[in-house]
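Here chain A shows up in two complexes: once beside chain B, once beside chain C.
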Partner chain A sequence: MKNLIPVLITGLTLIFSGAQAQNFVNNGKVTGSFQFDGQYYMEDDKLGITDSTLDGKLFRMNGFGNIIYTNGNFRAGFRYEAYLPPIAGYNAKYEGHGIPYYFAEYQFKNIQITVGNFYEQFGNGLVLRSYEEWTLGYDNSIRGARVKIQPYKGIALKGLIGTQRYYWEPYANGNRGIVKGIDAEFYLNDMFNGMADAKTKIILGGSFVSNYEKVKDKTLVRDTVIYKYVLPSNVAAYAGRLQLIYGGFQFNGEYAYKINNPSAMNNYIYKNGESLLATLSYSRKGLGISLSGKRIDNMSYKSRSSELGEALDINYLPPLTNPQFYSLATIYPYATQPNGEIGIQAKVNYTIPKRSKLGGKYGTRIELNYSNIFNIDKQPVAEGIPVDSTGTLGYKSDFFAIGQPKYFESFDVLLNKKFNSKFKMILSYVYQAYNIDVIEGHTGEPMVYANIAIADLTYKFTPTKSLRMEVQHLFTEQDRGDWAMALLEFNIAPKWFFTVFDEYNYGNPDKDMQLHYYSAAMAFVQGTSRIALSYGRQREGLLCVGGVCRAVPAANGVTLTISSSF
Partner chain B sequence: MKKLSLIVLVLLIGFSVYSQDDEKRGRRLPSIDLRNANGEPFNTAEISNDGKPIILSFWALWCKPCIKELNAISDEYIDWQEETGVKLIAVSVDDARSTSKVKPFADGNDWDYEILLDVNGDFKRAMNVNMIPHTFILDGDGNVVWQHTSYSEGGELQIIENVRKIIAGQELDAH
Partner chain C sequence: MKKTIYILAIMGLLFGACDKIEEPYLVETGGSGPVPGEKVRKVLLEEFTGHICVNCPEATKLANDLKQVFGEQLVLLTIHAGDLAIPDDAPYTADYRTPTGTSMFNFYEPAGVPMGMVNRSPYQGSTVLFKDSWEPAIQDLVDLPPDAFIEIETVYNDGSRKLDIHVHTEFLRDLDRTYNLSVFIIESGIVSAQKNDEASIGPKPDWLDYEHNHMLRKSLNGTWGDFIADQPASGTIMSKDYSITLDAEWVAGQCGIIAIVLDSETFEILQVEEVHVQ
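Right after this comes the complex of A and B.
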């Protein structure tokens, strides 16, 4: 059954191409991409990696091939994926191969219809977002149907129904929910002629999402009493958003509400959930400022209430932290706490003008960021009932109160300066306070306070030959102690990259773990094709892209990545 | 399952051979709903530059080489524009974490680019972008005629060189 639909699509495409061969060849365009990530693992006494911890799977690979056919207003495509077996750190449930994604889409004037798999986001994603991130092994695409309509200028409506991807497990009655959703957006300045030239621009939007899951009632034993909990089959969530634009000012706010949704994620409490995300920003050439605030209260929303992993998320809760790209600054990355968090972020980008005393010939770019995130306030619902007790309303929470403990705090500053046509420099300092107990589940471990200094220097020998050097140091008294890092990269643009680097955990309180995580890599790029080969040790940690993280185990071995698109 | 893999393999090979021919003619951009820097609705069909070439660069706030590339081009951009009339459109693939910080970031870095927000990766997927930075060049008629992935210091020279060739009507680098 699960292979029937792709075969049908292929068949239909062939019939279509036979009947209208001329059109298919002349007007149709085929594009695509593929990627292969292979890793060969070696034993490493220091990291405790042996043949048995590797389960004998010394060679592993992830790969995909993506094909899109476009002909006028018609588009169709599919993605083939293979994990044979999945590389270390990816969910073992990925083992296997097949076509998890295929779609056909037709645009008729202002109506667009998609059948098969699709990715969608309502507003900021607080009630619905399906997306994929290959590097993280994340894919919660919805398989079903979606319609987008623009009935009148400035009005955009969307409706969808389907089930979400769960690794390779096909949908069967009751094994996950059916997600339905509608979204409407109104761009007032487009709708009303009188507002077309107004200086203030207003966009309003609203979404409604419902998940139907055939759930069995749950029984739990507490103090020798058997309790039977009735779980809701339909869980609805809705959200409203407002965007205002006035000159260089912008406001973007969204509030979301979810009715009670007892689940494994929230320890089966019956509290309603809510979330608020708001950003105010101002910018002009040379200066950009943004201030964001966020509150999340019991907002995990999955299409299977018993799911504890990272799969089957219906919504997306973005973290309010600065994305880090220097390796030691990624050791302690924040991940959103869906059961409750309250936080702020402030970010400033400024360029000291060219030819000024401080700016120099090319100007100097500065970035500042501050983030601070706490638990929300959680008070017992009644005396004697602990917070978050199964089967209760969980807790009472004052909307504006800041709870304990602190989850994360960071302050970053980055200076980016070009001295002349040969020499460039980036200097950065990052302070992080990281609740390793909550974020990584290291129960009882103290808060990690880390200070990180980074220098990134580039020297050009010729217009296309350059040497880049990174030196980083992380100071901390907690967790694994101090780290030092150095990197050398020789580039011949635009085709060749050669890199060697070492991360040295010399401050590890465990003397046996004062290890070098060395690595050597080279890459060759030709157009859109890239071949990269690396050898070395991989540090245990969290790999994060766009706010979602994946635990990466320590490893030692050879990695080959081949990627191309056309 | 084996049969399925075989079909896929044959299709992949078939399509890639077919696309070789296709690439020479160039292809149009797909029509995808995005947002402009202000967050207002924008469709990629509206992308134009009065018959002059366009550089389309996919980037994100979390992508260091992307930002290095856009900073490097920014230092030369006035000269590039005066000489060739080229326009750079920087398509951010940042998600809701950073969507509303993209414009302040671009302005704060003194960039003169047109910014588009591809908040859920729809444009990225339609353009088969696996990794960023990924840069496309469109000729004056809006056809994709060249593309490249990754960036290292000096990589921007190849981009402007190809823009010059498009204007002069010369053959482009084989990527």
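Right after this comes the complex of A and C.
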């Protein structure tokens, strides 16, 4: 930052000093967004929240402000962030405030150059994805330089180099790796005139990524003998992908390979990593079907080999599970297991046509999803060497064999029906089998089998006033037992929202923990600004977005959220 | 198209970095230690742990392995604190928590246990570290020239169980901050149940005869110690005396004393020393 500010000031002074200044101001456009999330915490003996655990940090806040300036082919911007201190459940390393993200970008004909911070994804992200997810407190933006070129019609090339964000810690003295990557994408129908009108569209892509890390000595004591690991300074990964489109059919497949990457995540084994992701889908009006398969084998790829936390991921491993929105269905979310998983997902979305017997006046939407995920098969590399032994190849694995244990299984069905202009209903049933031992690290705890029933009813009194009611129930004999939930939401569109709800863990085997997690909230919306205030209890659990999760601690208090954009 | 191929080839050359490691992945290395009597920097590894923490035995084994690697230059301290150290149903009824340990736990807010601190110094942006960062963090510090040297003298009366401790701190260069001295009593060889998830190192899930070592028992001068020097010049020697009657349940022969010189404001540790009570 110290170096950036004089450069920006000098640059802006030069720009504003001449006739160009008028153009720079007049032709420019500034956009931005802002969010403030503040929580005031209260003691709650039943949740185990005491004066001691709060430790004086009664008020916590996360906030950001984005400012982006655009002028023709030029863009520049920054994001200010503050965590004073971070909201409970966010990494304490975020405490502080400053500008972690700034960039300048220029597009000249078919070349785009970005310096500073940027987000990027190659293909499905199996070898590189940098992104930001505010609700998770996740940000692995790359600071460096990126060039995008379209040298020929139908060809898109990208190249980048930089270091990843690690909370507020600046890059220095090799404290994390330097990530370099290239990606090429070929739209064959655009490249070759003969294929321009072909019904089949073909897109090919390939990526190569390398991470250079200044490795330090790492030792191992085995039978009183001290050994040193031979560690790689450069770890590379590459991937190839294919997308085929024919009418309503589409195939999307990507295979990624990573060379030996001994790290804290894989217990310092030397096996190569690989990953395959394939999806076949079909869609037409009112119908969507997709079938996906995925295999991940030792594919954690971070820009620091000793990193165990959620930061510094170079790649992203998408989940094959259905995202859940109803609260009791989010109690057991799946977190991708980068050290190995194999699974399938099948999804069908169908709208029963309007004016048919079953579709009624407005049509009826049905959504089905099935996911099933297991460990990959892992066999010892040699007799007497346990699977995953550090300082070895780790294990052998048959590519198509399904291992044990099961990690996750779910079956969801959702019915969305509008009866008339005043009343609509969503009914849903979710079955989940959840390996709480592996996913949450609750060692020795049995698999959780949960059945969840959901009803979501909305009644419109007038075009602007409506009442929404949710009733949910989760049945399980494991973990914290049964839950019931009810919600009432009164909307005065488009400005006011009032909500009360209660999640009741009445089936908890520990009678003292048969608690109500009640909450009341109101929100006011004006234009692009929203202010929401709530009071209540928050249950402990995992919050996951796209298979990436963070632990959310139990809390009791008042939450204020203000967001705006311009 | 040729242009594209050239661009890709140049990019490939620029980025084509990849180290393929062939067996053996581990090479034997000899340990080396300081010359006896040499004034060297010693490093403190403070491990937050708990008896119902299933991953803690593996972390403690790593700490013991590191002790073998770094020898006398590494001092271990185990702090039972947090939810996983709370007494539970039998056989986990023991309470090894201490006010000092809990105070440190609340101050440093580890994301969980096992986690540890190496001289309470930040390593790659964090002060509380997962176990895989312990060794590189120690490496960063252990070869630095020492700022201070600590000598501990003890007089223990077996009958009264009274222990007198004299700590002499010599500053070895001019320093520009203020410094405290902390003195802890530790105990090893305590056998009681410990949860465990790693079958290769001991019984799981309940390791009933687990040996707890280097356990923080008590601080003789609060969580952050006593003030001893403000901007000390090289050669300054400060002495402090402490007395304690050992708790009846502690085994004197298994107890030790750890003395720490630390920055009064950042609590980062300059030097540490350890001796046995007997």
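Note that the second predicted complex is superposed on the first by the 547 of 566 C-alpha atoms of A that agree within 3 Å, B and C clash if a C-alpha of one lies under 4 Å from a C-alpha of the other, contacts with A are read in each partner's own complex, and residues count from 1 in each chain.
FYI, contacts are C-beta pairs under 8 Å (C-beta built on N, C-alpha and C of every residue); 3 or more make two chains touch, one makes a residue touch a chain.
All values reported here derive from a predicted model rather than from experimental measurement.
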Exercise. Just from the overlay, do chain B and chain C fit on chain A, or is there a clash?
Worked result: fit
Exercise. Is A:32 touching the first partner chain B, the second partner chain C, both, or neither of them?
Worked result: first
Exercise. Counting only touches as set out at the top, which of chain B and chain C does A:287 meet: first, second, both, neither?
Worked result: first
Exercise. Once the shared chain is lined up, is A:513 touching chain B (first), chain C (second), both, or neither of them?
Worked result: neither
Exercise. Given the superposition on chain A, which partner contacts more residues in chain A: chain B or chain C?
Worked result: B
Exercise. Which holds for A:99: it touches chain B only (first), chain C only (second), both, or neither?
Worked result: first
Problem set entry | chain B versus chain C as contact partner of A:58, first or second or both or neither | neither
For this session: Return first, second, both or neither, reflecting whether A:469 touches chain B, chain C, both chains, or no partner chain.
Result: neither
For this session: Working from the superposed arrangement, determine the closest approach of chain B to chain C, counting only CA atoms, in whole Å.
Result: 18
Exercise. Of all the chain A residues, which ones make contact with chain B and with chain C?
Worked result: none
Seminar exercise, completed: Residue positions on chain A within touch of chain C in the complex are 52-53, 55, 91-93, 149, 151-152, 155, 157, 159, 166-169, 175-176, 180-182, 184, 208, 210, 212, 216-222, 224-236, 259-260, 262, 264, 270, 304, 306, 308-309, 386, 391-392, 441, 443-444
Seminar exercise, completed: In their shared complex, chain A is touched by residues of chain B numbered 1, 4-5, 7-8, 11-12, 15-16, 18-19, 22-23, 27-28, 30-31, 33, 38-41, 60-64, 71, 75, 94-101, 103-110, 112, 119-122, 125-131, 134, 147-155, 157-158, 174-175
Exercise. In the complex of these two chains, what residues of chain C are touching chain A?
Worked result: 1, 3-4, 7-8, 11-12, 14-21, 24-31, 54-55, 65-66, 68-69, 102, 106, 109, 111, 124-126, 130, 132-133, 135-136, 139, 195, 197, 200, 205
Exercise. Inside the complex, what are the residues of chain A that reach chain B?
Worked result: 3, 6-7, 10, 29-35, 65-68, 70, 75, 80, 97-99, 107, 119-121, 124-126, 129, 131-132, 134, 148, 156, 185, 187, 190, 201, 203, 243, 245, 248, 250, 252, 277, 279, 281-290, 292, 316, 318-320, 323-326, 347-351, 362-363, 365, 367, 416, 418, 424, 458, 460, 462-466, 468, 491-494, 497, 523, 525-530, 545-547, 563-566
